[in-house]
Structures are given as structure tokens and as C-alpha cells.
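Quick one: structure below, then a few questions.
Letters A, B, C and D name the chains as they come in the text, with residue numbers starting at 1 for each one.
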């Protein structure tokens, strides 16, 4: 039996890992127990966001002071850029330890996997979806999660195209799915999410990226210039894990559809008329959500301008707005809200995963 | 007895007044009844936001087809730029007509006033606050509102500094409060709001801009390059008005403090555990709110990056985020959320006014 | 015989037409002589740039005070957004009058044409190129320019896709070339420029958009949300025109290839070792150029970041940089530099047209 | 006798130090010879530009593989963010070695110094100028430069204010010069440059920041969130140095005043009518320049919009534009152009330093 833990810690800068270091020094966090670290960094969350890579380098430097390189490499480091609005840069440190006796089960289970590096021309194609589907299955096995229904969240960190990578493909006479680097982030997220949907049996195995009606209800995909393969983390409930933590999820149908999230909170024992009370907030350890601008250009009939704004990327608009919608519900702002929900929930909406301590 | 009306109408572009024109042509809106038009336009809401002036020119062109110039000039046109996130560009058309018999009273009352043009060097100073205080008193009288307690919202549109206006002051050897044009918007909003607070007896008459502990609980100030004086509109409840509309207000203490707004909705008969139900939304005609980035750099202890982001103005961040927080509460996105709440509510928070139809 | 004139006038804001009005009032500009007005406005030059439409509305209001509507409609109004760096917002007013005797010939000749409105799904396709090719031929005839070699500049203002226009096509089951509104500006400029190249015999009549090796050496295309058809203005030399003005052009092969422009200046009698001397600047009436980020991601082997910057559109980067390169040559900053040179000159470069007074 | 060397190397990303590593591995660069590394990184060059700190961490990691920590600490690492337009991210590696016999003298001389850490409230004040003046004198001594006239360039990397640092001052009841983090960069650059001017005898020792008529003709100051003290590097000509490298400088009086730079190139034996020929470019090893938006809002009488643009910082506009102006002169784009020239050259202009190999 294993027991999962989650620490939500603040970051003063993309490379500020002092809160994690302090926990380690205080003996409250064993470096060897860390299975994954998610980071919400304060860059633009788009192509030229180097805060993700900077964070990864700082995290690896910290872990290297405590672990052999091979173990450092086993820790899944998933950075998502963009803390627009009042969203707060933070770390989510996920741990796995042997379970002490008497813990409740099933409990939060975590597994991970990596795929092979993608060729630039594979980004946004069924080949990428197939790779991710294989990776999600491997991560489920690693987590000891026996069936798709027990999966509540799949985090995929995927690659994107840069002018250099496009040039590499050109040199081989291979055509990339787009020459627009920002667009490539969307295509990569979409193909990755479709791969998760295939693995979870939500869409047919031969589903191809493109149709917004095909989506995963439990996947958050985030693209980053700092990797060429996929970093996959699966979270759910498993009888081979025990302990105080639970996970559940909801699907928002549009940018302001927070009622399903309220219902999921209630299922976790966090029932509230309006915003969570302070005592309830303390029990909610992690909120992981996807946000995007509806391709329809409208939310409940009212026009939004996110897709015609050439000054601010629509992913930045969406993170800020959905971040506000969720923060008004839970009462705090260090939420892991990631932008661009292609094939992640319905058009304009997105999945939300919640990890809470049992009451 | 007068009776106030409010129409919330969509805008497809800053100069798209077709929805207002259609209402006029359908005989459902008498041009002569219009006392004020608020517009949420899709520019950056900052210094070089020409969507406000473009909207004003389109509105004046429309009104000029129906009213003599003198009457067109009497309509208060208050444009606020910035529909970040999923906020939706829209018009709020306020009307005043002779009240039919039998209407309930007190009811929503609306009054307006303009001040003299400010000199560039007066922007952000006590001289500006004094001008606005006089204007608010005049607008209250115009509305037939007898005491400050009956005032629920004061909208002030104020001027800002441009390189040209700073040069004018320089030419006279006069020093402006700042040479930073974006900063001048904040100083102008702050001095204007302090003026409203003086008029409402919330701060001493000799209060000077600067101390964030001094603020107005019922004022929204918005700066625009398109005017040099102040356009003031006061809304509240008055026995000399009757009809179906009510107004109330709340003060958010930070960017996610939506519970006071929920309480205000309940006072208006719009009680809901979570998001307003569709039938309730239909009764909520206007939401007017201020949003800002807390100068402390934190929201409930968690760091925000709005004030250190050199790519996106903190006012844009704040509108998107607070817009999301309020939209998740009311269930629609065409909200008049304006950025920069200096002396408008406490640091990081802001006033919210709500106009609803009686149940 | 006709005689062309050019006035370069400053704009204090997108709707500031006072410099044009002053010239008219002074009797130095006959409204009836105006054939075209180009405007460099201070918006972002991208999709949500409303400064172009605001400028058009102000220009039409001014012209309507002096001309019947039919004549106002005949004036070509070509607005290009974006005055990045030290580029200066300005108007270029082109006039045509009966030539007084004794003027030198050939001289600057100007002609114009409009095309039918494009369907959203035609943007970026050969159908658009064909429409523009027809329009350029018509404008050449209107200018009395007998052969392609005598054409030195073709200005095309073309439409773009907005979420609303994409939705219109969707509603008819028609597929647009892209769903990315910013991208649609590039596709529209490219197909338009290819149309000009067809009309000038620079590429085969069946050339299709896409291959960067196919381009026009004398075309500047600019997309704007304010029109649905094409506004075309052709400039060159014609024996049926006489007077003091000449036009020539150059093609920059990359963002810093200013030597061909120096050579063109010399051909116009403006020979200078470095920057033009004040007396020479006075003779240079208009500089119209295209700027773009090289798709290769490099300029003379050195990497540029314009295509991977998600904060600032590459067209804004390119206008600022090429604007600086040209201004350092000519010695003034009110240059009509337009961004996005797809099929306008080689990849990363662009055409530059120069209008000068004979020495 | 010492001999200075300069390597200009490309960076594929802020942390890409592979070109430097390759030179070391090839035995063409001795790590112990490195006295300073300047980096032009691709961030926004403003407050939340983490590419500078990311570059510093990558450079220190590289140097640490070859040098003891004490020696790594002695290398001046000066990062300047912002490669707008076609400016290219690159490294300038400065070396000092014992001079082989027979080298020409005087030659390029390099010295460096650091100051104590500044208190937040000292930024932008005479206290900062005094610290920098002391540091420049120390760096001159380190370089063996005997008099101010032999100094051609002073690079100062200075600190800035962040919300956290402002809060530190607040906690001590100390008032910072501004609460606007972006503005603090300008104040810090200005006070630093004034310090250099004091050290070079260009202004009185008691000069206070503010008056634009007081400036340094040979200083480039750049602010960065990654340091709290000042990193100072002085370059000039000294008889105690010999070898193939020379340095000279020019002062641009506005954003397009490139003629003085052309004259400086000629003094270095790089005389050209227009753009430098390929052979000449190869001899020009480094171009270090400052760019800024004229506070007057005009360049040679024509309005610029850099100071009223709330979407793009004026420093980004200025770097792109002046970068283009200089690149059109020298024929390449990896120029060390830094934004914000407060007290560095006259208002709207700035110093330009040039390092070339003797013909």
C-alpha cells in the first residue's frame, strides 16, 4: 500500500524553490518521496515563455543536491506558464510513501510515464495522440489504477514548434502541421488530450484531432518549449493506495460554468452556499483546471474578444478570467489554471480536478 | 414623478450602435428619454485606447439623427475601455420618463452633471477632488436624491495626461502630478473618487489623494483621453421616482471577495446558493464594478504578478480576473467592470453596483 | 494632361484630420482634387485595430462637408495601422488636377479601383488573387499607365477574417482558409499581392498563394477589418501626366537591406553618402514600404525572435525595425511602413516606393 | 602589458551558452581570461524579464565547470533584455591576457568593479549616483585607464524595485522614489548614468537626477531584477594594453541621428558611403548602444507614440527602432542595444560604443 501527499507552496520567482527546500530541511518532505512537481510560473504561458525552463532548471538543481541523477530524472516536472489576473505562482509537490497502517482506501493514486521524443512534423497529428495514449496507459499501470473510471486527472506536458524545429523538419523535407509557433501549442495540446481520451475510452482509438465534439473530460495538456517528448502524470483513486487524500473532477461547459465544480466540491465534503469558508479552504489542497476562449466567439450568447485581440494571447485572457471564476468559488488564488483546452472538455469549457483532505 | 429604465445591449464593435438604433426604430426607446449611455468598449482601457472616442463619435452621430445638438450634449456618454477575458462589449442605456401612475416608490433615480475642464496640472490633485465633489452634489440634486445614504453608485468619467497635455503644462511652466501617461489615469481616478467620497460624507472635505484608507464605497471612476472635464452620473433611490427598478451596492475587500455581492443580490430578491438561475439573471439588468491589483502585491497572502508585469497593464489583468469572479456569480458576461479602483473601495477591492427589476 | 500632387500631413490622433481641413480652408487643397488619402494610424495594425476605421470615419466626415456623397465614395481611403518605434502617424493626401502648360512629362500618375466584396472563404485563395489582378488592371487604365514597367507602386487594402465572418462562412458550410484571425491578415495580404504580381506580369496568371519565391516587387498590401472588398491604388509614371513629381522603387532583400533604397533615391536625384541632408529631405514627399519578419527566423545568419514572440505581433516588430532602418537613411520618421509582406518582395524583405520632387 | 579580446557569439535561447562552451573546448577561449560577458537576451527587457537571470545562471554553471567559485564571481555578467525587431540575442565575451610582444598600443582596455548593495529607497537618488561614481573610478583604475578622456564606454548594470523590495522599504518606514516597478528601472538607470558622468567629469559632483541636460556621453545603464548592487565595466584606450583592438564612441542626438556613428566608424578605419561592406563588418566586433523614446514626444518635429502606448513599453519600441537604424548602417543585427537612456546622452538620443579590429 502506498500513500500520496500534496504540498502547495509559493514561488517568489520562477527559480524560487526555497519553500520546497525549507520543507526538505525541516524534515517534512523526503526528497526520495517526490514523484512529481507541478509549477505555475509567471511567464506569458506561450511560445517565448522561458520561466518554465528556468523553473525546471532550479528544481533539478535543488533535487540534485539530495538525490542521484537517475532519481532526479524520475521526478515528473510539469511547468505551466501564465498567472494572469490574481492567479498566484506556486508549486504543487506530489509525494508517494509506504502507507502507514489503518489509512482509508481507496485514496489518491499517482502514476507517471514519459513518451519518446516527437518529430516536429508529428506535433498535432494522430501519431502524437497514439504516443500519448500509450503513455497514459503506462502511467495508469504505474499508479495501480485498474480502470478508466477511477482516473480523475491526466496531466500531459507536450512539446511545441519553434522556428528552429520547423527548420529541422524543412531540412528533411517534412511538413509540420503549422508554421505558426503559437498555433503549434494548441495543436500539440489538442492531439495530446485526444490521446488521453483514447486511453480513457472516451473517444474511438482512431479519432483524429479537429472535431471539438471529441474531448477528454479529465485531461489537462500544457505545451512547453523546454521538452520534446511528453511528461505524463495520471491521478485517480486506487485500492492499492490509502490515506487522507481524495480526488474528484468536474467539467465546465463554458468559462463561467462553475456549478459543476461546486457539485464536485460537495462530493468531496466541501459543501458551501457561496465561497468556501476558511476551514474548508484548508482542506482543498489542489485545484487543476483548463481554460480557453470559446471558438464560437461567444459565452452564453454574449460576444467575447479573446480571439480577435492581437495584443494579448487568448490563452492569457482565458486563464485570468476562469482563474477569477474559480477563485471566487474556492476563496484562494494559487490555482493551477492552464490555458488552451483543445479537446479538453467542450469548446470554451474545460476539466477541473480537485484534491482534498477527507473531513 | 419620474421612472427610470435600463437597456443592456450588445456592441459588435466600438462603433456598433445598431442595437440602440433598432430599439429606437422599434419604438421601444424614445431618444428624448435617454439620460446616459455607458459603454464597455474593447480597447486596452489604457492611454492609447481610441475605442472609447470612436464609440462616443458613433453614439453622438446616432443621437444627432433624432435629437437637436443641445439635447445630444445633455446625454452623459461614459465609455470604459477593456473587455478582457470573457467580458463582453455592451451598452447600458439609461432612460428617464414621466412615471405612469401606480408605480412603486422609492425607485431607481438617476442624475448627472459635468464639471469645468481641468488644467493638466490639476489632474490628481485636491483641486480635482473639489471639482468632482461639487459635480456629485449637483448630480444628486438633478436626481432628486435627498441624502448621501440613498446614493448607491457614482460614475465619474475623468481626464488623463497625454504627452501633448504635459507639454501644454510645461509651456506654462506648470508641473503635472506625473509625466507617466498611464500613471496619470490612476491619479485622475483616485482624485475623482476622493471627490465623490467627500460629497457622500465618507471622508473629510480636506482629504488629499494618497492614503488608501480613504475611499468611496459607491464610486466608479474611469479615465479617458476623449474628455478634459468630468462626466458625472449619480444613481440611487428616491421618493420622487417610481417604477420597477431598484439599485443596491456592495464593496469587495479584495479581488475574490464576492460574498458581499451575493448578499446585495439577496437584498434585491435575487437569493441563490451558487450562480443565479436563468430566471434570476433576467431580472439583473446592470452590474457595474471596479477592479484593481492590490498594491500589497498579494491577495489573501498569495502573491500576484499584476504589478510587475510589463507586458500587460495591471488594470487589464484585474478586469479579466474580477470579471470572471463576478460572472461566475451572476451567470452572464456583459458586466461593466472598470479597471483601477484608486480610492474606490479598499486597496485591492472595489465597489459593485447592481440594478435589478423588482420580483 | 493631368498633374499629381502629394501632401504629407501630421495626425495628432486617429481621428485628427485638422491638418487636412486647414489646408482646405487655406485654399491650398481643393477637396475635389483628392483622389486618395493614405493614413498611418497608431493602432496595433492587427485584427482589433479600430484606429483605421476611426480614421476613415473622420476622413469621410471631413470630405462630406465639402463634397457630395458620390464623390466622397470615389476617394480611396487606405489606412494602415501601426506606428511602432518612432514612426509617426500621418496622412498622405494624393491629388489630381488638370496640368498647367509646360510641366515635365512623364510624371507621377495615380489610378484607383475597387473590387467586389469577398466572401470570407475566398480570403487567401486564388479567387482573391484574380479579383485583385482585375482591379490592378483597372487602376492602371484609370491612371493612364500603358505598361507594367511604368508601375512603381500598387497599394492594396484588403479584408480579413473576424470571428463573426468565420461564423458566417460556417453557417453556409463554407470553410475559411484559417480560423486564426491574425493569420487571416497574412493570407489576405499574400493573395492580394500575388494578384498584383499577376497583373504586372511578374508571376504566371495561375500562380497560387504559398510559394515565397513568387512575389510582387511593387506592391504593398494591408489588411483591415473596416472593409470587405479591395481598395486599390496604382502609382507610376505616365506620359499623360506632367508636373514636378516623380516616383521610383526599390526592393529590400531583408530587413536591413537599405542599399537598394539608397540607389533609388540617387535615381531620383537624391544622392547622399549617408543620411539625406535637410534640403534633400524636403524634396522627398512620400516613402511607402513593407516590412516583415523573415520566415527563416534569421537575418543574414543571425536569429531574430519576431516569430516566437507571443507578446508582440511580428508585424509590429518588423514595422518598428524597418522603420528605423529607413528613417536613418532619409532623416525623417513619418514613413508609410506597413507590416506583413507576404508575396511582397522576397521572404524577409519588401518593396519600397519613393515619391520625390524633381530637382 | 595586457591584451583584450572580444568574441561575439550567438545564443539560441537565454540559457544557450553552447557557443561559449564550444570555443572553450576548442581551446580558443581560456576560461581564466574572461573578464566580462555581456548578454542580449530575448525577454521584454522590463521588470518581469527573467531571461536575464536565466542567462546568468546558465553562464555561472558553465564557468563553474572550469573555474573556482571565487574566479567565477569575478567575471562581470551584464545581461540586457530585449531583442525587439530583428535584433539578435547574443553574447559578448571580453577577455584579458598577457600581451604578446609587438602589439600596438594604446589598445582596448577593460576594467570592472562592483558596488555595495543598494537599499530600495536609495534607487534613483544621489546616493546611488555617488556609489556608481566610486565604482566607475575603481573600474578605471582596474583597467589602467589614466584619464576620463580615454574612457569610451561605461556599462552599468543596476538594480530595480519590485513589489517585494518596495514592501521591505515600507516595513522600515522608508519611502522609495516610486512605487511603479517599471518606472524604477528608469530612475535606477538615470541615477547610475549620472554617477558615471560625475566620475568622467561631465557633470558636477553634486548633480542630482532629473535634469535631462545633465548626461553622460559614454555610459550605458541597464536595470535588472537579478541584482541588488551595481556591476560596472569600463572600456577605453590605455598605454598599458596593446593588441589589435580599438574602441571609439559617438552620441546620437535623437533616434535617427546615425551620422555621428558613421563618423566614429570612419575614425576606426571603417569608412563607407552607405552600409558597411562585408569585409568591414568582419572587423566590427561589438556595437553597444542606448535607445530611448524622446520625452518631448517628437523626433525632428514628428510625433511618436512610444510614450502613450499602453500595450508595448516605450523601451521595447525604442530598442527595435534604433536597432534598425544602427543595423542599416553596420549591416548586421546582433547589436547590444539597450533601452532607456535616462542621463545617457541627450533626451531621445544616446551613446554608441564601437569596438573594431585595426585595419
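Keep in mind that, in the parts below, a residue touches a chain if its C-beta (ideal position, glycine included) is under 8 Å from a C-beta of that chain, and two chains touch if they have at least 3 such contacts.
Given the structure is predicted, the values throughout are model-derived calculations rather than measurements.
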Furthest chain, CA centroid comparison against chain C: A
Chain pair equivalent in interface to B-D, over half of contacts matched, among A-C, A-B or C-D: A-C
Chain D against chain C, contact positions shared by both copies (same if over half, else different): same
Whole-Å gap separating chain C and chain D, where each centre is the average of the chain's CA atoms: 38
CA centroid of chain A to CA centroid of chain D, Å: 40
Contacts with 2+ other chains: residues of chain C: 12, 42, 44, 48, 164, 303, 305, 309, 311
Residues on chain D engaged by chain A in the complex (per definition of touch): 12-15, 42-43, 48, 50-51, 53-54, 57-58, 164, 311
Chain D-touching residues of chain C, taken from the complex the two chains share: 10, 12, 42, 44, 83-90, 255-256, 258-259, 262, 273-275, 293-294, 299-300, 302-306, 309, 311-312, 316-318, 320-329, 331-334
In the complex with chain D, residue positions of chain B that touch it: 44, 46-49, 162-164, 167, 179-183, 295-297, 303, 305, 307-311, 313
